[in-house]
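Take a look at these structures.
Paired with subunit B in one complex and with subunit C in the other, subunit A is shared by the two complexes that follow.
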Partner chain A sequence: MEDSFLPESARIWLEGAEPVDLVIGLLTFNDTTTAPSLVRAMIEGCARSLPQQRILVVNCDAGSQDGTTQAIEQSVGDKARLLTIPHAVLGSSYKLVSESGVPGRESAFRILATVTDKLNAAACVVVDGNVKSVDEHWSQLLVDPIVEKGVDCVLPWFLRNRYEGTLTNTLLAPLTTALYGKRIPYHLGGAYAFSANMIRSTLLPQPWGEEIARHGIDGWVMTLAVAESLQICRAALGPRLQQVKPMGELSDLVAQSVGCLFYLMERYQEKWETVKGSAPIPTVGPPMGMGAATGAINVERMVNGFRQGLRDLLPVWQIILPAETFQQVLELGVEDTDGFRFSPSLWVQVVYDFALAYHERLLHREHLLKALTPLYLGYTASFVSGTRAQGVEQVERELARLNDHFETMKPYLVQRWRWHDE
Partner chain B sequence: MNDLWGDAMMAAFQDMMKRVAVFLPKLLALFSFILLGIILAWVLKLALQRLLQAVRVDVLSERWGVQATLAKSGFKQPLSQIVGRLAFWMVFVLFVFMGVDALDLPATAALMGHLLGFFPSLVTASLLLLVGVLLGNFLGEATLIAMVNAQIHEARLIANCVRWGVFLFTISMVLTQLGIAKEVVVSAFSIILGGVVLALSIAIGLGGRNIARDALERRWRKAKDKEERDEMAHL
Partner chain C sequence: MLRADPLWYKDAVFYEIHVKAFADGNGDGIGDFQGLIGKLDYLQWLGVDCLWLLPFYPSPLRDDGYDVADFRSVAEQYGTTEDVRRFLDEAHRRGMRVIVDLVLNHTSDQHPWFQEARQSPQSLKRHFYVWSDNDRKYGKARIIFIDTEKSNWTWDSEAKAFYWHRFFSHQPDLNYDNPEVRQAMLDTMVFWLDQGLDGFRCDAVPYLFERESTICENLPETHDYLKDIRRRLDETYQERILLAEANQWPSDVRPYFGNGDEFHMAFHFPLMPRLYMGVRSETRDPIVDMFTHTPEIPPNCQWCLFLRNHDELTLEMCSGEERDYMYYTYGRDPKMRRNIGIARRLAPLLDNDRRKIELLNSLVFTMPGSPIIYYGDEIGMGDNIQLKDRDGVRTPMQWTMDRNAGFSPCDPAQLYLPVVADALYGYQVVNVESQKEAPHSLLHWMKRMIAVRKRFPTFGRGTITFLRPANGKVLAYVRRHENIALLLVHNLAGSAQSAELDLKEFAGSMPIELLGESQFPQVTDRPYALTLAPYGYYWLNLKPEHAGMEPYGIELTAL
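This part shows the complex of A and B:
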C-alpha cells in the first residue's frame, strides 16, 4: 500500500503498533480552545457506548502555532493511545475554502484512511477540531451504525436555521439527490465516520494527486458515499457551533463546491443517468426539523448582485445558457426588488445548463463556475423574500418543491448530456 | 536587305529561344517547388495533427480553457487543426519563396533574401500575437467575473482596461519583433503608459479627490455592511 506521503515518524510508529478497533481522527489547526474538550468528549462517549473497543486517537494537525497538539496530549492523557501526525499543506490547498478552517484536509483524510487500514481498525471517525458543540453522544451516533449495523458511511446532519446553507439547500443537496437517488443532507464538514470496507474499497484507491483534490474533500466524500455501492446513513448531531466560521469569497465557495459535483458527474455518468426518483437514507438519532431563526440577510444586496451580473455578464452567460434559458433570465431584470421572483424551474434549468456547459467545456471551467454566483444570488434573494414572512414549514415545502423540480427535469440533463457525448 | 532582315529575325528568334530555354527550367522549378511544397506541407500538417491529437493536446487545451478563448477570438477549430494549418502555410510559403528564388530574376533576388531573413521574425511575431490575444481575452474575462462577483460597478471598464492593456503590450512586442519602427513603438508605448498613469494621478489627486474619497468610503462601508449585516452561511 502506498504510504510514502506519511511522515517518517508516523511510518515507524505504525510498524510497531498493535491493531486497534476504532480510530478517532481529529483535524486541527490552531484549535486550542475547542479541540481538548472535544477529544475528551469523544473518548468518553466511546468508552460508554463501546467499552471493549481499543481506541486510537490520531491528531492530524496542519501546523498549529498555538499549542493545540500539546493541549490535546494533555487532554487525552492515558485514556487512549494518541498519535500526532503533522501533515503537509500543499500550495493549492490554501485556495480551498475549508468548512473546518483546516487547510490541506484532503491530506489529513488520506492519512487517517491509511492509518485505519494499516491497524485493521473496523471504523474511523473524523471530527473537526473547531466544533464547540461536540458531546458524548456524537461517538455513539457516528460509530454505532458501523459497528452494530454494518453501515459503511455515516454522514453528519446538523440542526440548521431556515436560511442557513442556502447553497447546500438550493443546489448541492437537491442536485445530488436527483442525480444519485439518495436524499442526503449534504452538510459539509463537522464529522464523518467510515467503515474499514469503505476505506479499503473506496477512499484509499482515490486519485489523491489529481484535479478532484482541488475541489476539497468534503463534497468529494459526500458524492463517493452516494455514488458508490455503499450502505450509508445520517447521524442527527444537533446544532454545529464552530469556534471560527469558514471564511472565503462566495464565488470561490460556489466554484469549489459546485465544481466538485460537476467534476464527479463526469466520473459517475453511468451511475446517475439511469437513476430515477429518490429515497431517504436511514437516520440515527432524534429527528430534527429546521430552526426558525433567519438572521440578518441583505436581500437587496443579493438582488443587486444578480442585476449587476445581468448588466455585465451577459456575453458570458450567452455562451453558457441556451437561447431559451437566456431569454428567461433576461426577463427577470425588469422586476423591481420587492416583486423580484426567480422561479424554481428556471433555477433548475440554469443549474442543468451550467452542468452541461461544464461538461461541454464551453468556457474555462473556473470562469464558468464563478459566473454562476450572480444567478445563485438572484435565486436565493427570490427564495428568501418569498418565504421570509411565512413559517419554517413553508420553507421546507419550498425546498421539497425544488427537489421535485430537480428530479422531474432530470431527463433534460440526461438527454443533452448524451447528445453531446454522441 | 532580305538577308540582313532574315539574319536579324533569326538572331532575335534564337536569342528568344535561348532565353526561353534558360527560363523554362526555372519556371518548371517554380512549379515543382510549389507542388512539392503543397505535398510536404500537407504531409507535415497531417503528421502534426495526428501527433498533437495523440498527446491529447485538444483535450488539454479544452481543459485549460485555451479552446474556449480561441473560439472567442474567432478560431473555432481544435488547437491541433489550427497548429496543423499554420504549419501547412508556413511550409507552403517557404517553398513558394524557394520557387521564386529559382526563377533567378534580378528584381526578386534581393527580395527573396530579405523575405527569407524576415521569416523567423514573422513566425515569432505570429506566435506572440496568438498568445497575446488569448491571454488578453482570458484575463479580461477573469477580471470581469471577479469584479462582478465583488459587485464593483466599474467591472466592464476595468475588464476592458485589462484586456486592451494586454493587447497593446502584445502589439508593441509584435512590432518590435518585426523591427517595424522599433524606437517609435517603444517611445510611444512608454509615453502612453506614462501618460495614462500621470493622467490618473492628476485626475485623482486634483480633480477627483472627493470622488476618490467617496468611492473609498463607499467601498469600506460596503465591506463593513457585509460583515455586520450579512450573517448568511451559504454552505
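This part shows the complex of A and C:
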C-alpha cells in the first residue's frame, strides 16, 4: 500500500502498532480552545456506547502554533491511545476554503484512511477540531450505523436556521440529489464516519495527487458517498456550533464547492445520467426541523451584488448562457430591489447552463465558476425576500419545490451534455 | 431595451458612423441601412450606447452629404425611410439610441428650395436664402474654408444676385430671419423624431443668423431660435437630445447650453488638439489649461469628447504657434493637411503606438464629458492621405481579411472608396474579425474600457479636481460623484515616470484598480507614490476603508 506520504515517524509507529477497532481522526489547526474538550467528549462517548472498541485517536495537525497538539495530548491522557501526525500542507491547499479552517484537509483524510486500513480498524470517524457542539452522543450516532448496521458512510446532518447554508440548500444539495438520486443534506465538514470497506474500496484508490484535490475534500467525499454504490445514512447531530474561522471570498467558496460537483459530474457521468427521481437516505438520531432564526441577511446588498455582476460579467454570462436564459437574466436587471424576483426555474436553468459550459470548457474554469457568484446572490436575495415574511414550513416547501425543479429539468442537462460529447 | 433615464447622454459612449462606410447590405459597393442593421450586434457587443449617423439624406454629395437636397427622405443608395425605421427599432431593441446629423445652416444648391429661389426675386422661396446685390455685406464674417473659398458670397447668374454661404459655395445658407424657414426646419426635426430618432447632432449652429458689423457667429437670435427648438422637443418628446457642433472656444460654446434649456450637449473642440499636444510635448499643461478655461455648464448638460471624427483634426481653436507645432509634429506631409487641420485617423496620428492610443482613449473616457468613438478607431484603422478632401478618413470599415475587407461583396472597382490596403493598416492586418479572436487586441481593450466606464456614473457626471504633482509629465485628477471618488493618473511621457500625489483628503482609503480589481497600497497622510510605465495610466477607485465591505450576511454560513 502506498504510504510514502506518511511522515517517517508515523510509519515507524504504525509498524509496531497493535490493531484497533475504531480510529477517531481529529483535524486541527490552532484549535486549542475547542479541540481538547471535543476529543474528551468523543472518547467518553465511545467508552459509554462502544465499551468494547479499541480506540486510537489520530490528531492530524496542520502546524498549529498555539499548543493545540500538546493540549490534546493532555486531554486524552491515558484514556485512549494517541498518534499525532503533522500533515503536509501544499501551497495550493491554503486557497481551499473550509469551515474548519484546517489547510491540507485532503492530506489529513488520506492519512486517516491509510492508518485505519493499516490497523484493520472497522471504522474511522473524522471530526473537525473547531466544533464546539460535540457531545458524547456523537460517537454513537456516527459509529453505530457502521458497526451495527453495516453502513459504509455516515454523513453529518446539522440543525440549521432557515437561511443558513444558502449555497448548500439552493445548489449543492438539490443538484447532488437530482444527479445521483439520493437526498443527502450535503453538510460539508464537521464530522463524518467511514467504514473499512469504503476506505479500502473507495477512498484509498482515489487519485489524491490529481486536480480533484484542488476542489476540497468535503464535496469530494460527499459525491463519492452517493455516486459509488455504498450504503449511506445521515446522523442528526443537532446544531453545529464552532469556532468561526476566516472563510475567504464568497466567490472562492462558490468556485470551490460548485467546481467540485461539476468536476465529478464528468467522472461519474455514467452513474448520474440514467438516474431518475430521488429517494431519502436513512437517518439516525432524533428528527430535526429547520430553525426559525433569520440572521442578519442583507437582501439589498445581495441584489446590488447581482447588479454589479450584470455590469461587470455580462460578456462572460453571454458566453455561458444560451440566448433565452441570458435574456431572462438581463431582464432581472431592471427590477427594483423590492420587486426583484429570480424564479427557481431560471436558477436551475442557470446552474445547468454553467455545468454545461464547464463541461464544454467555454471559459477558463475558475473564471466561469466565480462568474456564478452574482447569480447565486441574486437567487438567494429573491429566495430570502420571497419567504422572509413566511413561516419556516414555507421555506422548507420552497426548497422542496426547488429540488423538484432540479429533478424535472434534468433531462435538459442530460441531453445537452450528451450532445456535446457526441 | 432602452434604460429610462432623462440624463442618459451623460453616461453614454457614442459611436460615430458614416452609413456609406460601415457595411454594404445590397452589394453595390456603398454602405447602407441594410448593412448597418446587420452590424448592430457587433455594436451592442462593443458596448456603445448611442450611434451618431452622418447625413444620409439625398444629396449631390459635393460635401459628403452635408449638402442636403431633401431633408425628409433617405438617399436612394442608403435605403428608404422604412429601412431607417427598421434600423431604429433594431438599435433600440439592443439598448442603443440613435442620433443623426441635421444640417441647419444651409442646403445644397440642388435643394428644390434653392432651385425655386434662384428663379426670380418674386419666387415664394426667394427669402429662404440670403441674397445681396453686392458681396460686401457682413464683411466681418470670417471665411471658414479658406483653402477653397475666397468669399462668403457667390454670384448666381440665374438669380442675378449674390447668395450668402459660410461653407462651400454650393451650400447656400438658409435665411433664418424668415419665419417660414424656421418653421420648415422645425417640421423637419419633428418628422425624424416621429420616426423614432433620439436626437440630432446639429451641424454648424453658430452661423444661422447674419447681422451687419458682427462676425455673424453666436448671435442672440441664433440662441433664441435654438431655445425654440428645445422647447418644442421637450414639450412633445422624452429623452431626446440636441448636440451642438460649434467649433468655438468653450466660453463661446457655453451660451449654447443656455440655462439647461438649449443644447443638451456640445463638442469640446479645443480640447482635442491639446490632448495630442500634451502627449507629444510630454506635459500636462495644455490639457489642464484648457479645462481651466472651460466654464461650468448646467447640471443637465454635457460635453462631448472625441479624439477623431469624420473631419480633419481641426486646429481652428489653436494659436498660430500651436498650429505650427501640430503641423510639424502630426502633419508634416502636406497631403495630410486639409483646411485648418490634419485629416488623419487616430492610429496613424499616433504612429500606431498602442500605448499612446490607449492613453488618449483613457483621457477622453475619464475626463468630464461623454466620449465619441469614430468608426474604425476601435480597431486602429488607418487612413489614405492620397484621397481627396477628407475621404482619407472615410474609407470602408474593415470587418475581415476577405475581399473588400468584408465591407461589401462587390467588385472592388465598385467601392465608393478603396479600402485601406497598405502594409501597416491594411484590412488584411487590421480588421474586426481578427481582433475579436485576439483577447488582447485593441478592440477587446476598447470593449473592456467601455464596460468599466459604464460601471461608474462618476465618469459622466462627476466633478474634476486636478492634482498637481511636481512631475509635470504626469496628469492626475480626481473625479467625484455622490460617494464615489476615482483617481485617474496618466503618464504623458514615453519613458517611465514616478509621481507623488497629495491625497491627504482620501487618507485611509484603499485604491482599487478598476481594470483588474487589484488593490493598491492604502492612502495615508503622506504623499502617495505611484510609478507609471511609458504612456501608462491608472484608473483607481478610492474606496473608503470599509466601503463595500458590508456583508451579505450569508458568507459564513453559505455551505
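Rule of thumb we're sticking to: the second predicted complex is superposed on the first by the 420 of 422 C-alpha atoms of A that agree within 3 Å, B and C clash if a C-alpha of one lies under 4 Å from a C-alpha of the other, contacts with A are read in each partner's own complex, and residues count from 1 in each chain.
One rule holds in what follows: a residue touches a chain if its C-beta (ideal position, glycine included) is under 8 Å from a C-beta of that chain, and two chains touch if they have at least 3 such contacts.
All values derive from a computational prediction rather than experimental measurement.
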Three-chain arrangement built on subunit A, subunit B and subunit C clash or fit: clash
Partner chain in contact with A:253 - subunit B first, subunit C second, else both or neither: both
Subunit B versus subunit C as contact partner of A:88, first or second or both or neither: neither
First, second, both or neither for A:314, with subunit B first and subunit C second: second
Touched partner set for A:292, first subunit B, second subunit C, both or neither: neither
Contacts of A:241 with subunit B and subunit C, given as first, second, both or neither: neither
First, second, both or neither for A:165, with subunit B first and subunit C second: both
Residues of subunit A that lie at the interface with subunit B and also at the interface with subunit C: 99, 163-168, 172, 188, 250, 253-254, 257, 295-298, 301, 305, 308, 312
Partner subunit A, residues of subunit C touching it in the complex: 1, 3, 45, 447, 451, 454-455, 550-559
Residues of subunit B defined as touching subunit A within the complex: 62-65, 67-69, 72, 138, 141-142, 144-151, 153, 155-156, 225-226, 228-235
List of subunit A residues in touch with subunit C within their complex: 99, 160, 163-168, 172, 187-189, 244, 247, 250, 253-254, 257, 295-298, 301-302, 305, 308, 311-312, 314-315, 330-331, 334, 377, 380
Residue ranges of subunit A touching subunit B (in the complex, touch as defined): 99, 163-168, 172, 188, 245-246, 249-251, 253-254, 257, 295-298, 301, 304-305, 308-309, 312-313, 316, 319, 361-367, 370-371, 373-374
